[in-house]
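Labels A, B, C and D are assigned to the chains in the order they are written; within every chain, residues are numbered from 1.
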């Protein structure tokens, strides 16, 4: 397989929230985005619609920054969609979602989490038909396809458009009199349906429902389109479902209090990842540390399985500024220290297991191991609660080339040496599946970044050509 | 003639500046926009291109606010275009120009001063062909027409596009390897060509050349397209010239130190307007006042013609905040007082002539007369250095309906009574022409807002239908 | 004992950092304050001195906000002091520390953590002698005493001044050629001495040393004055030591990775508090939860002692905005939900122990219990890892009156009912002492907020009179 | 006379406004400061008092910036004082006036325009008595003197304090139940008394009264203290009046629509300065230009006296940003061009008289002459409507040393050559007096910067010593 690098667009992991027909629509979307803030910190935006009039408020930064003057509460209208973005590249304000498009049948606002794998080809084709593009966003492609569809009604046009595209999309489309949620046939990204005060709402994760006290109903199915309007909820089929849910949502991305299926929280899955890791790669140690916050659940599971005390040996700084200015005074470890502190008295002279959720480039692990050594640990065994990331992701996680992955260049032994650990073990792919599924059946999970088996076609040659 | 109201888009009076092939392109555009700030204070933006890569910096507010961190100097590239906008309606950041469009033949940035009169019809037609719109801006219409043109090269495509549209446009188009300036066949808005350090540049007004020490070469001709590239300057014809330059640029809009034709400054024209007004409507008085800043030139001319002392009886406040917050303490005249002060000792007990450049709704004149009366004038004779505005403008000046014009509802005598003046006289249309032209020949001037004779076709019925 | 209310000044819990003779003094203080951010988020400031010239940068907000443009790195001088403030009341920019005072012997900058108990009496006396005050800050009182001291040299004048005052002070005084650290005879607040690159530094907590890679030397002793200058470090005695270190620093205030004595981290002490609490008030349950972040250590200890699984059933939101704007949509629990989420799947149908570090007014505990009940817990047993707070603090913790303490009005049974718990138990005072000390000897600990035994004289009548 | 340099403190030209007993006190002070903005753009502040509680809002920048959120309207209390500051040196937020001081008899807020000449000596003496200083401000000296006065009531204490100081002060003192205005015996700075809605108010200039629609009553007299309280207005004597009003207020500083005495506006005085200058130094020319805005009045007077046309040949840019960022593109004249434009067509080929109000360092005049020459003038005759500034000012105008004055180093002929004029003439001191007074009697005018005759004692030796 050729080494590809994917820089053609904004392949983001984002959060979306939408609600239809609620007197405090803007406010609820605001709280919803707040709960989804971990999915994207680059920008935030809300579009509300009031009798055909669409109002947008958006900006760069956190939800609380963008809406610092209560702007969300002033958005007029009973239906609204919102978006938080994590972008690689340098997004401009023009690309901040939701985006609003006018076309022959009216106005629509789109908010999207995912990444289309054939966006470039479709853009090229649309351009040749005379289309203009103002952004690098996938959703501008979708908007063009809707506008050029032979169908006049939005639902048909949208199904037509989605029939052409491939990749991951958890997409909300707000029109004057309906809100439509669409999930790709693989169901790569999460999208849940809830209800609050009689109004239906959608969110990337269920934690958003908890905050606004909405009732969780179910997750949107792979290949499903849910249309909410005056005539209430309708479910339609976009394409043949072929489920492949992103395993990285379990490992790292989702919030621990969300549930990605109806029965288990992300925290509980991570705990099981830790237990499975303990079963596969046990080690004798005085204590187990998790790298806060995302690895604490796995660390607790690992510690419990081996009856080694779980300890808060690493503490996260609550007040890390997002754009930290560097001074002139050099330091090998200050960057990581600003975010993370070692409780020296806990680790001094001890053999510790440091559990982290993933290891991609190795730089962060290396710096944390160094921190622990500086604090006087006797030995540090690193355990990663996921398999080695060996392939780029084309569906929304920001891993864009083989070249940036440490496993492309180093064996596990070399990585161990690079990060300075006394031992290093990763969870196996089988173990990952077992922890998530409870069985060995990996059906319905996307493991492409671990095993290179992509659930959609990927045109590597096109990608290569583009990056030359 | 039916009463029309024009609210379909952003009909703005704006300023544009562009330069091709200068090592400090971004910086010179920044200074150029600064000199054109009087043409638009709502937003500012610059797009520069460096070997095919377009970089944008834009925002709401004054040039110095938007570029407060020296951002203009960091824009990479030797060619750039900039824009300052005065918008009626509430423009959003999405609509701030220049806008960048990608289409099959590459990327272009557009900056535009003017207003298309058939934009709505073209939008409708484009939508029916499957186009999407993200803004209300006329230039998005132009971009679509370019992209859908049968021609592959930009110059041909642009000529094709402009062949379809009607109205006023002083348009700059920046591509990877050329900068194109286009002026509508009527030449309604000003657009000048200059040269600085071997590089050609374009500006809405010549005052921008003075600031950057560029040499003024000539004005772009009505119906002319000037293409600047590696192979230097080419002049092409867009359409048959039928000159009709906006007389309001002389009266109010342009900066006094600009010259709109090669021989005379705006200040000098305004002085002549004052002299002509004196000849038509003299009055005995102790002194002549101009409403600062735009009416001072005419007031000086009026005073000189009648040998009445010109006095600084009204002083403009240098520090007016743009968004002044209102308190609870009421006042009939505070709004105007925050901007303008009467020198009480100058006017007390005197018969004064107050010269203003135009009277459209009458509210400002009314408040200034009240200010003067509060300061103890004996009598106040109001003289307006332009004819009554009796018709809306469709070419970029923000006068959108008959209904908002005071002459639609009141006779001159009633207006005099409304504003509280002891006498009120307007310049005649003939006098206006004579002062500008030096002859009675009104050829080449747009006087539509005074006499209703529009230099392009206006489809009033369409407009009416749209406003229902 | 009368019920007192203490509103006369700014009784804050703050953080101080100072360094003498380092080429990157401003930068190191900046990092030091960053590590101490948890001690005060209202304001931040740094004063540096360069050959007698004092430069100040300060403002309201977090360290990263106040110094967002790298201002700390530009402060000229090799010695500097900094301060972060938590203030009750509404401090103004005038009161943001460090404050700079000029007096007959030169200029000094003061940064202070603590609260003087006789400040009001001294202010009155100074005013009667003709002193003026520009702030409500205790350090202005100290500055006056220094200036009015009969001694010309700063060290003597400072000792003279401190001889008059009573209460808690961890005080840094920066002069042109020395940096002086002073701790009250009770040693109520922490103050540690470190060394980095040959330069001595002082910090409220040792976590600041870890960040800047300074070596921890020792804590400043109760009643000690440490003078750092050209002639290196000197230790002087301010008053007869009578140690009474604030037990609340262990319970809640200090960062878990700090060590307040040389041998143990705060985290370890809190773990012991949890173990002791388990020994005193065990309960059968499915799992133990800690209220993040400050109660996690105690929860881990509690869980371990009883072999009940410790679980992350409550998750802290990483992106809580400091000033959250309230909308119109009401909610009983949104305030706490914005900060804290329940992992529903973890707690649903379970009997849980919720460990919190302290219970003062009961409102927060009540809301968290409600959150847990809404998430479907079967039973919730609340365990508090400190005794009931029954008395106000006059030494810097913001507990200012009996009236605001829930134990003044309710029995433990009533509190249990108020917060809606199935059972509620507090740690005993003896248990607290044993966990901290390892013995029953409470010598050297201030337990005044629990047992009302204040380590200094408190003139309740004066306080009462003042509050009428 | 020795050459002195005065850098010991903040010798500023500022604006003050105060009002007693009005329901919208904060709002009226805000508008008042807005009208006085030309007297200081560095900082702005308002202190209001409500039943003994003083509230402050202040900051760096323009009035509209500091009070951008309507903060002035929220200040609680019926009495308030405000201040705008022009500071040489780099004032910090600590020094922004009004300042609030607490002392044995209560709390006072002080706002001051002027400069004390013996402040340094008094500070020294106060320090030796044990006083501390937190600012470099003169008013902290005054506050100390009040607090150390033997008198308990504020009026007596203030008179006692003012008896010690020398120099210029137009001082407002706000206490819980009174507002006191004080003017030094020379009456160097303006201070006017007005009345609005039954409430007395004070302002540096009468233009502030016009904005808030207050009635002008009279100016405060040299050496007068006006006390406004419940028992209405009382006038007391501070010291023996020895009037010496700053002539530079007429020449440059005050706003043209203010009247500094009861009968004439500043504009009218400046017009007379122009006429007198024409009588003394006529020249044949095609037209007369004034340097906007402050020299327009004099230019009109000069033109009228000689019957040469007055022309708007120089136009001020309305949108100059206060902190203009410099790019890399060099220019000899851009700095001045950003503020000022030449109307080229007006001056091209003409012999012009350029009237400016003053010439101190010569750099600005030099740049404007260059601008005119670049625009093609045939000849430029510079006429200055004030005498050469030959001596520093110790009373509030920012001219601090002989060394920075061009006349110290160059003859008039050399200055003419330096600025590149075809001729250069200054108004004579006698002419200045005649224009202001109508007679040759210079009694009551401070002409110290022209003739070196200081109206108070100046201890040059002390100054010299301090500056070594």
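Throughout what follows, contacts are C-beta pairs under 8 Å (C-beta built on N, C-alpha and C of every residue); 3 or more make two chains touch, one makes a residue touch a chain.
Bear in mind that the values here come from a model prediction, so they are computed numbers and not experimental data.
Visitor: To get from subunit B to subunit D along touching chains, fewest steps?
Guide: Minimal hop count between subunit B and subunit D: 1.
Visitor: Quickly list, by label, the chains bordering both subunit C and subunit D.
Guide: Of all the chains present, none is in contact with both subunit C and subunit D.
Visitor: Report the chain whose mean Cα position is at the greatest distance from that of subunit C.
Guide: B
Visitor: Take the average of all CA coordinates in subunit A, do the same for subunit C, and state the distance between these two points in whole angstrom.
Guide: 38
Visitor: Rounded to a whole Å, what is the gap between the Cα centroids of subunit A and subunit B?
Guide: 48
Visitor: Please compute the C-alpha centroid of subunit A, do the same for subunit D, then give the distance between them in whole Å.
Guide: 61
Visitor: Going through subunit C residue by residue, note those that touch at least 2 other chains and give them in order.
Guide: None at all.
Visitor: Which two-chain combinations qualify as touching?
Guide: Listed by label, chains in contact pair as A-B, A-C, B-D, C-D.
Visitor: Using the touch definition from the top, list the residues of subunit A that touch subunit C in their complex.
Guide: Per the touch definition, subunit A meets subunit C at residues 24, 27-28, 30-31, 34-35, 37-38, 41, 62-65, 67-70, 72-73, 207, 210-211, 213, 255-257, 259, 263-265, 267-268, 293, 296-297, 300, 304, 309-312, 315-321, 323-325, 327-329, 331, 333-334, 337-338, 341-346.
Visitor: Applying the document's contact rule, which stretches of subunit A touch subunit B when the two form their complex?
Guide: The touching residues are 56, 92-94, 99-104, 127-128, 130-134, 140, 143-144, 146-149.
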